[in-house]
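Two complexes, one shared chain (chain A), two partners (chain B, chain C).
Presenting the complex of A and B:
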């Protein structure tokens, strides 16, 4: 194994950049030090951007950051581990409701409610993961979809606690507020930190011994078992980390929204967006969900602002076109193109046709 | 090292193995031969913990491993090279090997690359693009990455060119001598009985013959039943 590129630069750059790049393409990943630098630079850049933009733009970018976290979370279970969950929104809604109930009914501060939401997400992931992760493929997808729909109905019917269909409000003004409202700059920061943490957690997991185990389960679960990987615990842990990130996003989102209904935070379109962002960006990588989430959320907002009532139609059409041309995801397409020194959309469609 | 006594095992309500006795000594190559459906694969799966044992004893290095989890059996030093190889086909050879050493966090490829030098040239190649023989080498190497003292190999020659079979089988004595005993399941009786010291014949779930491989190979009934040679 070679020394880290950072060390090579420090000792006078013994290897030319092209060689480093070639090594990255061969091993298909950045070294840990480069990845850490990229993350810190990205984080700092977004802090800088915050100083020069309007509050409205801040709100837009907050949504982008939230989807980065959601896409990274979905990628852990759906991309790396290969269990396509269509119910991750359950963790979002659960996190939102745990936060709102604790802040509204128990007057706990957000700083206690958010960890409770994360813990709730982990607990729920273990509880439904143990039975559901025995299913595969379509069956797992349908079962998770059912679990999400079911949990929305439970929240909907727990009226004394959650307010049911009448919605719930987090007190944010005056003495009633357990934690002062963050405002647009505060939520920008909160979602930015969440996005950075989710990228860091995903990258660390992917590069660890555990990352190999997730990919092994994805590739061939029986063979993974044969080399001594406890596949059940790998799947449940990946599901739980994913659930924790999504629940945390739901928690911040709830505080940002102040008032919401079960149908808002259990909206299946959150799950669909997570899946689409990962698939279009490139699943099973760190960059893929990042690119997918940023690209699609910015595109969706742009279309909404500029195209009026046709925006959803155009958005859908663009998704279809991108999936047809880049079935393996945009990031993986360019990686392949670089490796083969050849960019051809037609070749790509032939290679990955379904 | 491995001692199996009166082992009964099967799937659901179907019992496949009946009172099987088998032993493997350290650094030995033992062949397990028999026709299709005799229960050879089932016996390997019972040893490595992939299916439950109904009754009987499976002792490995004086520890009872009947009913133990696959992980703990890998930890104790048994590696299973499954039928059909079951490589992680989308991953590179290197990643496959590292996954073989996953339990012990063993990333040292030098031993297996010395054993199968061609793998050293293929480390960054995706496993599904290897030839059949190279895939079998990769599967055996993946098994060896967990530093086992017993390697179970299921259907080594399946779908391989004879020259490749010779090449891989030729490595088995080296593997055994370096401290990893081999229990080889093989339909090619001639190959299996030539490379092994001891052999067991499994017929419809029962061990019907066992003993020195050389003697079994010379035995007229074995020749008639499995090698298609007329007894004289």
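Presenting the complex of A and C:
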């Protein structure tokens, strides 16, 4: 497999950039470019879709795009690296609050507040990642859950700055607005770009030496360390990139919502959805979280709109059934089936000894 | 219906039937409010729709228009409420009835404003909703600032009146704003607030929707207040009464709470422990108020509770709020003589209506500020109105704590 320019740089080859770019262009084939082509085509298609749908549908699809980004972000740390974080919503809430506080209290524009939110996400990831990523398995999951609950309580009680439980409002009406409100078409575009970037970043990382390092940490951390991988920095970088994407999503979400409370943006169900989307779609792949996020978010909206008070029950039941029949994720199931030329759920059940 | 001559009962309506008018509402059928508050609101909207249509619908331009209620579950998530209302706008639904609660209403208000929809707020009482200059949101219910002050006024009128009160408040906008005004009122009535007047922002503040409020109770243990007031929602109030007895904390005179006591769920959660608890409420059936759609307040209670199988002793006042919001919207459409959203908005601005819910008239911010609040006490598992005294159906059992 030929490597992307980013991958080559990450691998640290000391060659001039122009030469690297030339080699990259020369080695382009359909076989190694289809993913990038698919991403560009998908992006263009969603831009086309935007032209024919109503604004309210744009809002619904904005939520789908947001979950694509969130699922990709969780997959970096939980899927590739194998550290199942149950606290990614902390980055979401933090991104939302950094944005709202800067726009409301300091009257900064969104274009300054959003980068600040991303920086805040990275910083927080490094701060809590260094101690917490020493834990493994259940202990890591519980510690991240605690970190998320704790950060919500901090925001909840910093009333003079954040408004605490009274909520916070981003000024968006009249000349009070530091940045004009995007409106539904604007947020559709913002979340679409975020989703596309998160898929691209995940794909580039996955194909790089760093991607193999993440998988190595997942498979056997001690062995990865023994072959010279700096496991601490791999884990922290994966956690930080994931945190940056989630914080950026939180930032845009905050601006879209205008008014919100800590319980809205630190809602643990965001984390749970990220995990379910990745697991059902297929963890440790690029397509898996994408399929999981699009499929589950659309399904959840469809059930909510059509089933009234039973919608969450049915949604839960569907998740259980899918996890039982596709324990390796829908995407991984079909990929294996394609390779083995056998599509049989019974095989699947036997293979995983259900 | 109402304003026209057809008020004689609906049967005499000679108007031809016109197009139906859609009222659209995000409602909480699942999630935190799904089992109680959200259900009460939804039943209020449904009852209003059915009663309106039975009485001949909304009449203008020589035509009578039936009302169709469209709802979607918001899973008790504010962002989903907002998303639903945006979806309604795509379908041309300009008349919105609010979701349950301040958080959902807060999220929907800016959406309604941008889309040029009109929202009648039935259950979002937080005063913060009305501080942003929104022009398209109108609330029939009394604002959060009156929830605890009414309790204080009722307590001051009791014999013996409490000398010390403790205020436990949830960390949400509605409960904090209610507690803030309540503490001021208590001090104005010469009561001492323990452990301190600002404790509701620190030591006696509890997480919103918390099912464990013991830290706040421990903060007042040993101070022996005459009354413990809980400014919160259902979960916190239930937890406060339950845990106080577990921790051996007993107010000398009794408990009071906002929102929770006048709901059937409070009595079913606490059983005998709910006896004697005071609660502030938006509506009681004793008020002398009536209209041609629902009849008087007592008739509303009878018909509503019969329709949905509630005991008339344990009626959810949230449903009355919801029906009143729906009624105000219908009256405004009839007054505007049009289904144009901006014409209806203008009709709401100048609306002056006497209904089963009391007088409805909005101030410049969209609040129905002149509407009074009431206080009930739970006696033998029934809501008994005790304040104001002219509406009191029975004497308060006081002290409520034996």
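Quick notes on this structure:
Following the convention adopted for this analysis, the second predicted complex is superposed on the first by the 320 of 354 C-alpha atoms of A that agree within 3 Å, B and C clash if a C-alpha of one lies under 4 Å from a C-alpha of the other, contacts with A are read in each partner's own complex, and residues count from 1 in each chain.
Methods note: a contact is a pair of C-beta atoms (placed from the backbone, for glycine too) under 8 Å apart; a residue touches a chain by one contact, two chains touch by 3 or more.
Note that the coordinates shown come from a computational prediction; the quantities given were computed from them, not determined experimentally.
Contact with chain B, but none with chain C, is seen for A:215 once the two complexes are overlaid on the shared chain. More residues of chain A lie in contact with C than with the other chain of the pair chain B and chain C. Applying the stated contact rule after C-alpha superposition, one finds that A:334 touches neither chain B nor chain C.
In the superposed model, A:312 makes contact with chain C only, not with chain B. In the superposition on chain A, A:182 makes contact with neither chain B nor chain C. Of the two partner chains placed around the shared chain by superposition, chain C is the only one that A:172 touches, whereas chain B remains out of contact. In the superposition on chain A, contact of A:325 is made with neither chain B nor chain C.
Of the two partner chains, neither chain B nor chain C is touched by A:34. In the superposed model, A:226 makes contact with chain B only, not with chain C.
In the superposed model, A:263 lies in contact with chain C only, and not with chain B. Chain contact summary for the complex, chain B toward chain A: residues 48, 50, 69-71, 73-75, 79-80, 82, 86-91, 95, 98-100, 102-103, 105, 124, 142, 146. Contact residues of chain A toward chain C in the complex are 54-57, 59-60, 63, 153, 156-157, 159, 164-167, 169, 172-173, 181, 183-184, 253, 257-261, 263-264, 267, 304-305, 308-309, 311-312. Those residues of chain C whose C-beta lies close enough to touch chain A in the complex are 29-31, 34, 72-73, 75, 77-80, 82-83, 86-91, 103, 106-107, 109-110, 113-114, 128, 132-133, 170-173, 176-177, 201, 207-209. Against chain B, the residues of chain A that register as touching in their complex are 26-27, 209, 212-213, 215-216, 219-220, 222-230.
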